[in-house]
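The next block holds one structure in the form of structure tokens; read it before the comments.
Note that the chains are named A, B, C and D in the order they appear, and that numbering of residues resets to 1 at the start of each chain.
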Amino acid sequence: MMLAATVTGLKLKNPMMLAAGIMGTTGGSLKRAAQAGAGAVVTKSIGIAPKAGHSNPSMVDVDCGYLNAMGLPNPSYKNFQEEIDKAKESEVPVIASIFGGSADEFSEIAGALCADAFELNVSCPHARGYGAEIGTDPKLVEEITHAVKSAVNAPVWVKLTPNVTDIKSIGLAAQRGGADAVVAINTVRGMAIDIESGYPILGNKFGGISGRAIKPVAIKCVYDLYEALDIPVIGVGGISDWKDAVEFIMAGARAVQIGSAVGENIDIFSDISSCMDAFLTEKEWTLDDIYGMAHEV
Amino acid sequence: MMLAATVTGLKLKNPMMLAAGIMGTTGGSLKRAAQAGAGAVVTKSIGIAPKAGHSNPSMVDVDCGYLNAMGLPNPSYKNFQEEIDKAKESEVPVIASIFGGSADEFSEIAGALCADAFELNVSCPHARGYGAEIGTDPKLVEEITHAVKSAVNAPVWVKLTPNVTDIKSIGLAAQRGGADAVVAINTVRGMAIDIESGYPILGNKFGGISGRAIKPVAIKCVYDLYEALDIPVIGVGGISDWKDAVEFIMAGARAVQIGSAVGENIDIFSDISSCMDAFLTEKEWTLDDIYGMAHEV
Amino acid sequence: MKPVNAVITKVVDETPTIRTFFFDTSFELIPGQFVMVWIRGVDEIPMALPYENAITVQKVGPATSALFELGECDSIGIRGPFGNGFDITKGRILLVAGGVGAAPLAPLAEKAGSAGVEVTTLLGARTNDEILFRERFEAAGDVRIATDDGSEGKHGYVTQLIEDSKKYSQIYCCGPENMMKKVLDMVAPSKAQFSLHRYIKCGIGICGACCVDGLRVCKDGPVFSGEVLKKTEFGVYRRNECGERVRF
Amino acid sequence: MKPVNAVITKVVDETPTIRTFFFDTSFELIPGQFVMVWIRGVDEIPMALPYENAITVQKVGPATSALFELGECDSIGIRGPFGNGFDITKGRILLVAGGVGAAPLAPLAEKAGSAGVEVTTLLGARTNDEILFRERFEAAGDVRIATDDGSEGKHGYVTQLIEDSKKYSQIYCCGPENMMKKVLDMVAPSKAQFSLHRYIKCGIGICGACCVDGLRVCKDGPVFSGEVLKKTEFGVYRRNECGERVRF
């Protein structure tokens, strides 16, 4: 019970969620992550129409992480409620990640789906016209957040890109738009080239870095957002063990999400939970004690 | 001879330079890097007055890299010509990296120093009032570049920060200001927290990530700048072997700089040179063939 | 890992639609594992490893056609091997291959055969000149053939060759999913292993594109026991590139 | 590596200005290597390892004073060990220690002594109650003392105790730089090793703050042969935090 957390009203048995886009396209896979111990699961980002994504290669290893340019493949919200419903069988909160090209698209999608919360993906670094092209513009972020808030009753989270000069200004825009929380960070812009041929490796040429390499970037974003915002921050980026999760919470994350590390170890949610529990017990700390601790010392 | 390169008029025996801030405070250490095979050496960034830098810890390991917040310690330009002169004994070009809080400071420093080129550091992510606070503002970058260009006869390079929404716009500003080249990238904003205590590890709390973790970020910046600019791009960030150096050149770097990897292996310059030479020979390619290759395939 | 550069050293025409591309790099593999083959500028697609240094490709669309354009000295990028591979058992085993599904089964037949396991292979193909790796299976044990057009062996589906499946300690199957589904319905699920084909994007168990319910074909598979598959969407529907369900 | 958390288990007053802090973590070390000690919220400073699980600290300024405020159960962060350490030789060796410079030499004396090497130690201190680790050196061999105020042993500098340096196969020295410079001038440079103190920032050979000409004290050192130092600024000037030259 030590790890129970409430985030924007959602009760979580632990603060470790499955991140968006990770095993998130099917109800069955979301359910599996929940059964593996996730406190909540976030779906793949869902759009207005079915989308095949970028051509392969769409993911490649880089030092301490991965580079991906999936291109937001998704079956569209019209085919997605049944997946959410299947995921709901696991009895953990299911958060629908959604994306669109305009406030109207975002609210059309959110309005049509039934989920425990919505995560607005305005931060994919490699989807032209969607994603980061929206998430770098405070006005658009505020407008979209506001539109979705008006369209749904569930909590609305806004997922931020680190690929901006000042992430706080985007977080503040989300907050003004009525967001219940922000999620930081989406992947970090990057690229890899095959030296045997000169070809950019990804089908899309460039993509987003995830995994351990980006953890310090994410920690800094969470730290800054915690200072700047009144709404909670959910941390994501490079978590691969319980120590990383603790570091995020100390930086100011109310809860965390885990993405890339799920590939090697889908049981990471329960592994982290039990180690974090043991750590807190040994230190005689509660989750609340360590929440934002780096700001107090 | 295969690796000889000319960058903004400077003749280099190979395109691998020592990056700014790496063993760059003393003439003796710059000379050592040159003797270890560097094609050119860049000094520590030098300012208007002696500066002790941030308190320690000022550098710590992160996954596949380092986080640092040195805080630009330097003896000021008034004490630095003798170091440059000592470095010059090595007979490779010596580039003076300089920083300041205004166009006037930049040109005062550049005007007073004699070096083969100047690298304007407008991109340190953790020096308040200097560095990235300037390097994220295209107008300031243009103004400073222009001022230094007017103050010196040597080539002027502008070192860019990746911590911006759009690095191309900053590169274009440098070009408008008359820069002879841009250098990309300086470190990526980051932070690490000690979970035993909750303390941010760095004395300055946050810092900049260098090393292998940031290579894909740097490759993407170089690729984008190559497309956007007419002046050459010098690549830096995460190079740890010859393959990395080739990848940068294919992305569009005319030359590269090596920083963190020097810690483990100061002979990296000659190691890379000989391996790159062997690679080009085997492929029957020249440096010019691979320069920008990723844009052509 | 990043794609390894593999230079093609030899191209063998196996059938009118299937070619084997040998390359200068070898992979340590468990039969049934696969690699991601990058045809630069075109696509990256999953392929079984029928040898430790080759892939055997059926031309079906843009990427495989682009592969067919390549010859000696051309190169491809290879990530892998990925996935679990077949769980090799002792005793008497039955292999059931449909079309290019013979690719991952051939090295299994060889490995089992040389370990003294009694191997029987049922090989199905559209027509007799499309029969793949017949010699390799014959060298490892008994082979029976079925062709859709009756040009050789049984006229009909390879599944029609299955009889007395109980006498085998394990059954290994690879081929079109509806064929494999038929096999699953005919044998004891706990004694059968199936190598699945699903749309593979990341290949490393992260993106979820390949999921059969909660199972990742690229990471938890591509080989699954019939027992596991029984409870899933296997044979009912697959997912296209968008993640939409497509019924068989 | 990130700082390892080390909990202080015991504090020993060695002299009025020097304390040893034992902690719950051990490091495999070559005598002469150092660690970076993080006093959280204050500073991170280099310290030799006189034991595998302790540092011995002279109170000289803010960071060392903050350390002196810590007691049992308090914790510090430790990165390291870093640097090369002394190159241990056979035969007859001479150790020359000034003040807290005895810290890296004590484990060297013990290691050499137990390996059957004949160890002579010259120990210098300001005054008799500031003599550090006398028992440890005595257990390893001969000890001669010098104090600035004559309160024990020779009245004067430790360098004045050096006689007949040729009979030693190697001389090991740690102390204030001008003392070490004197030693260098008195002995055969190629047979002497000096552990240097320079301002350390990164500790891992990257920033260059610690450079003595081209040599990085943190990475190539802190121990250098006299032969190498001969050609450098050693004993002439050091660099302060800003990199300015400060003459001795």
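In the analysis below, a residue touches a chain if its C-beta (ideal position, glycine included) is under 8 Å from a C-beta of that chain, and two chains touch if they have at least 3 such contacts.
Quick caveat, the model's predicted, so the values are computed rather than measured.
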Requested in this report: Would you pick out the chains that touch chain B and also touch chain C?
Outcome: A
Query raised in the report: Can you list every chain that touches chain A and also touches chain D?
Result: B
Query - Farthest-lying chain, centroid of Cα atoms versus that of chain C - result: D
Query raised in the report: So, what's the distance in Å between the C-alpha centres of chain C and chain A?
Result: 36
Query raised in the report: How many Å are there between the centre of chain A and the centre of chain B, using C-alpha atoms for each centre?
Result: 33
Query raised in the report: Once you find the CA centre of chain C and the CA centre of chain D, what distance in Å lies between them?
Result: 66
Query raised in the report: Could you say which residues in chain D touch two or more other chains, in rising order?
Result: 40-41
Query raised in the report: Which parts of chain B, given as residue numbers and ranges, touch two or more other chains?
Result: 62, 192, 197, 199, 297
Report task. Answer with line, ring, star, complete or other to describe the graph linking chains that touch. Result -> line
Report task. Mind listing each pair of touching chains for me? Result -> A-B, A-C, B-D
Query raised in the report: Can you list the chain C residues touching chain A in their complex?
Result: 1-3, 5, 36, 38, 40-41, 43-45, 75, 77, 79, 201-209, 211-216, 219, 232-233, 239-245
Query raised in the report: In their shared complex, at which residues does chain A touch chain C?
Result: 21-26, 28-29, 31-32, 35, 44, 50-53, 55-62, 66, 68, 70, 73-76, 79, 192, 194, 196-197, 199, 201, 203, 259-260, 262-264, 266
Query - Residue ranges of chain A touching chain B (in the complex, touch as defined) - result: 62-65, 67, 136, 163-165, 188-193, 195, 197-200, 206, 209, 212-217, 219-220, 223, 238, 243, 246-247, 250-251, 279, 290, 293-294, 296-297
